[in-house]
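Structure first, commentary second.
Chain nomenclature is as follows: A, B and C, assigned in order of appearance, with residue numbering initiated at 1 for each chain independently.
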């Protein structure tokens, strides 16, 4: 058998290190496509001049281009036979990705727990994205529920990793040289600095975007994510293609510009849930809640944000039973860098 | 309130200068997408060699990439609460935009007139696109009808700017170095030079293109144009997304290659009307009429063209009452540069 | 008449050389779009590092970008009035295309045969793609059935070119410097080298992709292919846009990664048939058969492959009458380069 059937739960070993295939050079073409697929306007990722004025060598590629590229590499080894993508933790953006960089991904299996039904189990991996100099550009933990090939295969010892509830502010990586000393709020699009946001403040990002099949498939292919369910309308019984959860992350993050225009860079992903599936034709909206704030340097602060994407009107996140309401698509907890 | 509600009619002051947000670096990725979204074949924007042979340093980015990028920047400040985009005048392309250039936009309010109903008014702005060296790359006037926030707000003094009916040929900017002395009509695609066109001549561009939602949304996002009506299928009562008028300009201009293959560069936009809305599923065709001709140098001439886009068959532009017929989408008056 | 009506059968002369219009510079933007439009993962075209490790200066543009770009240039002169694209032969990829290269195309008429009905005829052309240094990058023969403008026009002498049934292994061009001495199968995605494949072996590539209108039109425009039938929903009586056959070639080749991940580069196209039309909404799958093998250098071997694309389940290629079954879209015979 020459084709890749993907790994099943019993194929993972604790401590195992998986070198994911197909390194990828990302450049200005990926950036242009990213900006065509999402209503992305954060100035640092839009203008070389703005980035240079912020102490960088030029405009890096969008932080989520790095995330999606690294995530996509892991799919054939981690989630081809996944039943569900359960969560993210300890995601840290360690270094900007520049046009021309070549990324690859490595994952370490850090947790295993067979489900009580004996048919599947949960696999925790810590994935690191590396550039052509073998420098880490980002790192995150995700856990997925994976089917067993053979229900009779013996269960591994249960190991549940000890994960931080969120990345501590002091662990956020400040890109080398980054300063907002000369920050131009008029060019950035809004006057609000970190000091203008209150913990607990909620921002409705107002705009909505109706998603098309061609768009989410082009995005997902660009990250070389091969999960069948995104591309093959005959794969699910309902004839629908499930949209890659990362497409909703990027869409919601881009929509959040309206009200968070100065939250320029993502520094960490603390947690995330793809609360409900999204399909072409859905109209996606977003709101944010300020969870925390922290100074990082004299001019740069971090804002910890909950970013929620919904289809239809925004409302309560969960029902009385603590279950996400059906219109909620995404509940993401992240740190962003902005002028102090 | 952190989000941008947009400006209303009473927020504009005559003479006010607005620096629009989010400068943007445009490069080869934007060019590739432009050529994927429109059937663009003008050789000067397709081939570095052809452009070098025409005295330039390489192939500039398509003239309409510059236009859309600058236009897109103005949307949050000028047309977020616009009822209608009423017209263009005095549009001049002043300097090519090269891959890697960073563009920003500045607008001056040059006219104000409240409507007799007291609920809205017309705002005229002269917008200039600037590159990273603060050199103007294009400039144009447009006027829009904008809602008032407060119908009771007092009306400003009426000022209607004195606009040229069209850009005079002597005011057209010839890109530095441009020469058609070594022009290769075989490579350009057609043998017809400016001298082969007669004033009054009409050219049916033959081909039709059926528009998809994903295409017009990707284009409009690429220009960071945020008008809700283009993206949110729930925004209008009929559930349709209105296509950005500039998408029709680019599509019609690209279709005009067939019959005007040597009309390489747009030098000016004299006037333009988005006669009727366009929606996904419409099949767009185009025809041109030669309005005027002028020599610009020994080898370069300007052709003044009316470019009309229609859905369905071409026919008369207007009905007996002087109103655009419902199948007419665009009526654009522009100058193009071509071999003399 | 200023527009191009295309050539009719009686317009071709044996031995005539046609210089096709609109040279095109291709770069990283075209690559990013290619990777967004097709699930392309061959490592040599994905990573500069992988390519450098294979003895090249960096990652070339995907081989089929070169093919489609050159093919697209020929459409206005060869197939605007074609009834059918009948076949390919003697296709050889002669030199990688690098980002920034400018391609043009030249065709020589090498065969003519009027059909017995007198209304159309078959035209054979040998097309060569040239880069900015006038070096050939690829060359292939295709033949098309073209309508006559005037059924009364006299028939040319019949000349049917003598074409090789397939390119001989010794005629394959090995890109300068290419070596798989340091080949990393983990990074490439699969362990199978040429020696692991048996002649006659069949590989089902498993995955399926459902095609959207926006995707095939963007691809086809990117190659400046102007055939009306791909873009204009009103052109055919059934209101369907026919998908460019090359879109299916690229899609099937990308799907073949799963099982042929090390078949890095296309070296030759021996033959090809677009067996049935494909439309948006079709779900495309692919399988390959190993037809032959040949060593090319100490580290590089060539695998001759039949690549078949189908809609719906894979099955027999032809019915009892020798006619392609309706679900078969493509039957392509090509040589690929892979580690020996």
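What we mean here is this: a contact is a pair of C-beta atoms (placed from the backbone, for glycine too) under 8 Å apart; a residue touches a chain by one contact, two chains touch by 3 or more.
All of these numbers come straight from a predicted model, not from anything done at the bench.
Seen as a C-alpha superposition, subunit A sits on subunit C after a turn of 120°, to the nearest 5. Of all residue numbers seen at the subunit A-subunit B contact, under half occur in both copies; the interface is built from largely non-matching residues.
Separating the centre of subunit A from that of subunit B, both taken as means of CA atoms, is a distance of 36 Å. Across the assembly, subunit C contributes 27-30, 32-33, 212-214 as residues in contact with two or more other chains. By the touch criterion given at the top, residues 27-33, 35-41, 43, 46-50, 59, 186-190, 192, 196-197, 203-210, 212-215, 258-261, 281, 283 of subunit A touch subunit B in their complex. The touching residues of subunit C, counted against subunit B in their complex, run 2-4, 19, 21-25, 27-30, 32-33, 76, 100, 102, 104, 132, 212-214, 217-219, 221-222, 224, 226, 228, 231-235, 241.
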